[in-house]
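Two complexes follow with chain A in common, the first pairing it with chain B and the second with chain C.
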Partner chain A sequence: MVEVNGPKVYTYLFGNKALPITETMVNYWIVMVFILLLCLFLTSKMEKIPKAKQAVAEKIVMIVDGLVDQNMGKNCRQYSPFIVTLMFSSVFGSLASMFTLRSVTGDLNTTLGWALIVSGMIIYNKIKTNGFVGFLKGFTEPIWIMTPLNILSEVSTPVSMSFRHFGNIAGGLVISTLMLSALSALSSALNLPIPLFQLGIPGVTGLYFDLFSACIQAFIFSMLTMAYVGSAKE
Partner chain B sequence: MDPKAFVAGMSALGAGMAMIGGLGPGIGEGYIAGQACSAIARQPESQANVTRTMILGIAMAESSAIYSLVIALLLIFANPLLNKV
Partner chain C sequence: MGFQEFVNIGGWEVFVTLFNTLITFLIVKILLFKPVRKVLAARAEEVKAMYDEAEADRNEAEAMKKDYTESIANAKQKANEITQSATRRATVRSEEILAEANRQVQDMKKRAEQSIEQERKKAINEIKDEIASLSVMIASKVVEKDIKEDDHKRMIEDFIDKVG
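Up next is the complex of A and B:
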């Protein structure tokens, strides 16, 4: 019998059932420490003429700054630290599954948290550019009868962003779990001395479901963030 | 008939039917990729831009398939209806 479970609950904070400490939280802290150590490693002993690791750090900063300039317009460089944080936590959170940890983004709470931050950012920027009255007035565009639909589209932004990311990673998780059990059943049905089918095939499909979809989803999440926040500033 | 078994079976059927939602995005994504191919063939120098836009568009088109996948996963692994029986 195949079982695909959500993140395990390790313990409860203060013994309170409403405050569980889940696998996702622990793994996310591990990922955060990893990212912190990576940043410290890449930016230690900076020089005027960059060596290999400093060149990598500078390349990352240049790529993200270029993306922000291109998608949000000029004078938006203050958003690139946020964008690169989203990108890195998404990539390494999804790639945690390659190091036998459960994917951080395979839990709706993580992606919904990010999407809510982005949604708050969108609303803040809308109010900042148009004023509070202008923000409220924006809901009645183009005519007042569209107001429910406009409110719905405001609500559906974080929902669609978070569900897209979560669905891709969780779908990959379920498919790889099902496939591993199917391959092991095949190996044991044929009475093979070594589990031949589980040897290489999961690696090849993991290349798509873990590596490719993790990188693409991180890219898409940050691209959508840039597009939404950029359009809110206009 | 055991009502729990009936709900579970119907949920499995529903999960299968929900995945029909993968049909439309499949067609749409194929169309996007085809259009991107012809755009790159016409203007090979714009390949980087076209590819990035294509990937973004495919991800947007895929979200409806992802919604049906989420619903199918919910019905199979975390069925809320089973507790109501």
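Up next is the complex of A and C:
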């Protein structure tokens, strides 16, 4: 019998049932430690003439700065660290599945949290650019009758972003789990001495569902963030 | 140890995500962006300094080149002046020498003419004397007459003067 479960609940903070410590949180902390070590490693012993790892660090910063300049306009480089945060968290959070951890992004709470931050940034920038009245007035454009739709589109932004990311990673998780059990069933049905089918095929599909999907979703999420926040500044 | 629903939304879980994201943001900002930006800025600063220095050097070199060109032009002009004045002086001097030489030649010519004239006069006189004494001798031989030599001489000189 195959089961596709949500994240495990390890324990409850202060024994409070409303404050669970889930697998997602723990894995996120592991990913955070990894990011911390990665940053420390990349930026240790910086020199004027860069060595390999320093060049990687500089390249990351320069590429993201370039993307931010391109998608958000000039003078937006204060957003670059947040974009890198999203990219790192998303990529490494998704790739955690390669190391037998449950994907951090395979939990709607994670992607929804990020999407809410992005939504907050969009609203903040709209108010900052147009003023609060201008922001409210923006909902009645081009005509007042569009107001409900405009509000809906404002709400749908974080929803669509979070569900897209979560759906891709969780979908991959479901398919991988189902396929693994199907292959296992096939192996036992053919009375093979070793589970031959489970040996190579999940690796090939994992290439798409874990590696490719993780990278592309992180990229999409970051690009959408830049595009939305950038257009909110106009 | 239970499982959560596959799709679930909880305020606490979202809050923990926000908190984790904030921490990650701080890690990335402080440990990745700050040092890298610092290094990049330092490098940009250094490159700018190098460019400035090169620019300054270039300006200096240009100024020096201008100086040199000027001084070379000056030197050429000076050399020209020197040559010209030397030529002028040499011309003047050669003219002087020529004039001096001419003068000397004229003097010498004049003196030579004078001495020639004197010699001629002297010779004429001597010839006159010779002729006179010869005439007297011939006359005395021919005529055998006792005529005083002085009278003869006077007569012959008269004759010669008349003849020219």
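Points to keep in mind about this one:
Here is the rule we go by: the second predicted complex is superposed on the first by the 234 of 234 C-alpha atoms of A that agree within 3 Å, B and C clash if a C-alpha of one lies under 4 Å from a C-alpha of the other, contacts with A are read in each partner's own complex, and residues count from 1 in each chain.
The rule we apply is simple: a residue touches a chain if its C-beta (ideal position, glycine included) is under 8 Å from a C-beta of that chain, and two chains touch if they have at least 3 such contacts.
A quick note: this is a predicted structure, and the numbers were derived from the prediction, not measured.
When both complexes are superposed on chain A, chain B and chain C fit side by side without a clash. Residue contacts after overlaying the shared chain place A:V4 against chain B and chain C alike. Once chain A of one complex is fitted onto chain A of the other, the partner contacts of A:R164 are limited to chain B, with no touch recorded for chain C.
After overlaying the two complexes on the shared chain, residue contacts for A:T22 are found with chain C alone; chain B is out of touch. Looking at the shared chain after the overlay, A:F82 reaches chain C, while chain B stays out of its contact range.
Judged by the touch definition given at the top, the superposed model places A:L101 against neither chain B nor chain C. In the superposed model, A:L186 lies in contact with neither chain B nor chain C.
Measured by the number of chain A residues touched, the leading partner among chain B and chain C is C.
Contacts of A:F219 after superposition: chain B is touched, whereas chain C is not reached. For the three-chain arrangement built by superposition, the Cα-centre angle with chain A at its corner and chain B and chain C at its ends equals 120°, in steps of 10. Between chain B and chain C, the minimal CA-CA distance in the chain A superposition rounds to 6 Å. Of the residues of chain A, those at positions 4-6, 166, 170 touch chain B in one of the two structures and chain C in the other.
On chain A, the positions that touch chain C within their shared complex are 4-10, 18-20, 22, 24-25, 28-29, 32, 35-36, 39-40, 42-43, 46, 48, 50, 54, 57-58, 60-62, 80-82, 84-85, 88-89, 107-110, 112-114, 116-117, 166, 170. Only residues 55-56, 59, 62-63, 66-67, 69-70, 73, 77-78 of chain B touch chain A when the two sit together in their complex.
Interface residues of chain C, counted against chain A in their complex, comprise 1-10, 12-18, 20-21, 23-25, 27-29, 31-33, 35-40, 42-43, 46.
Of all the residues in chain A, the ones that touch chain B in their complex are 4-6, 160, 163-164, 166-168, 170-171, 174, 216-217, 219-220, 223-224.
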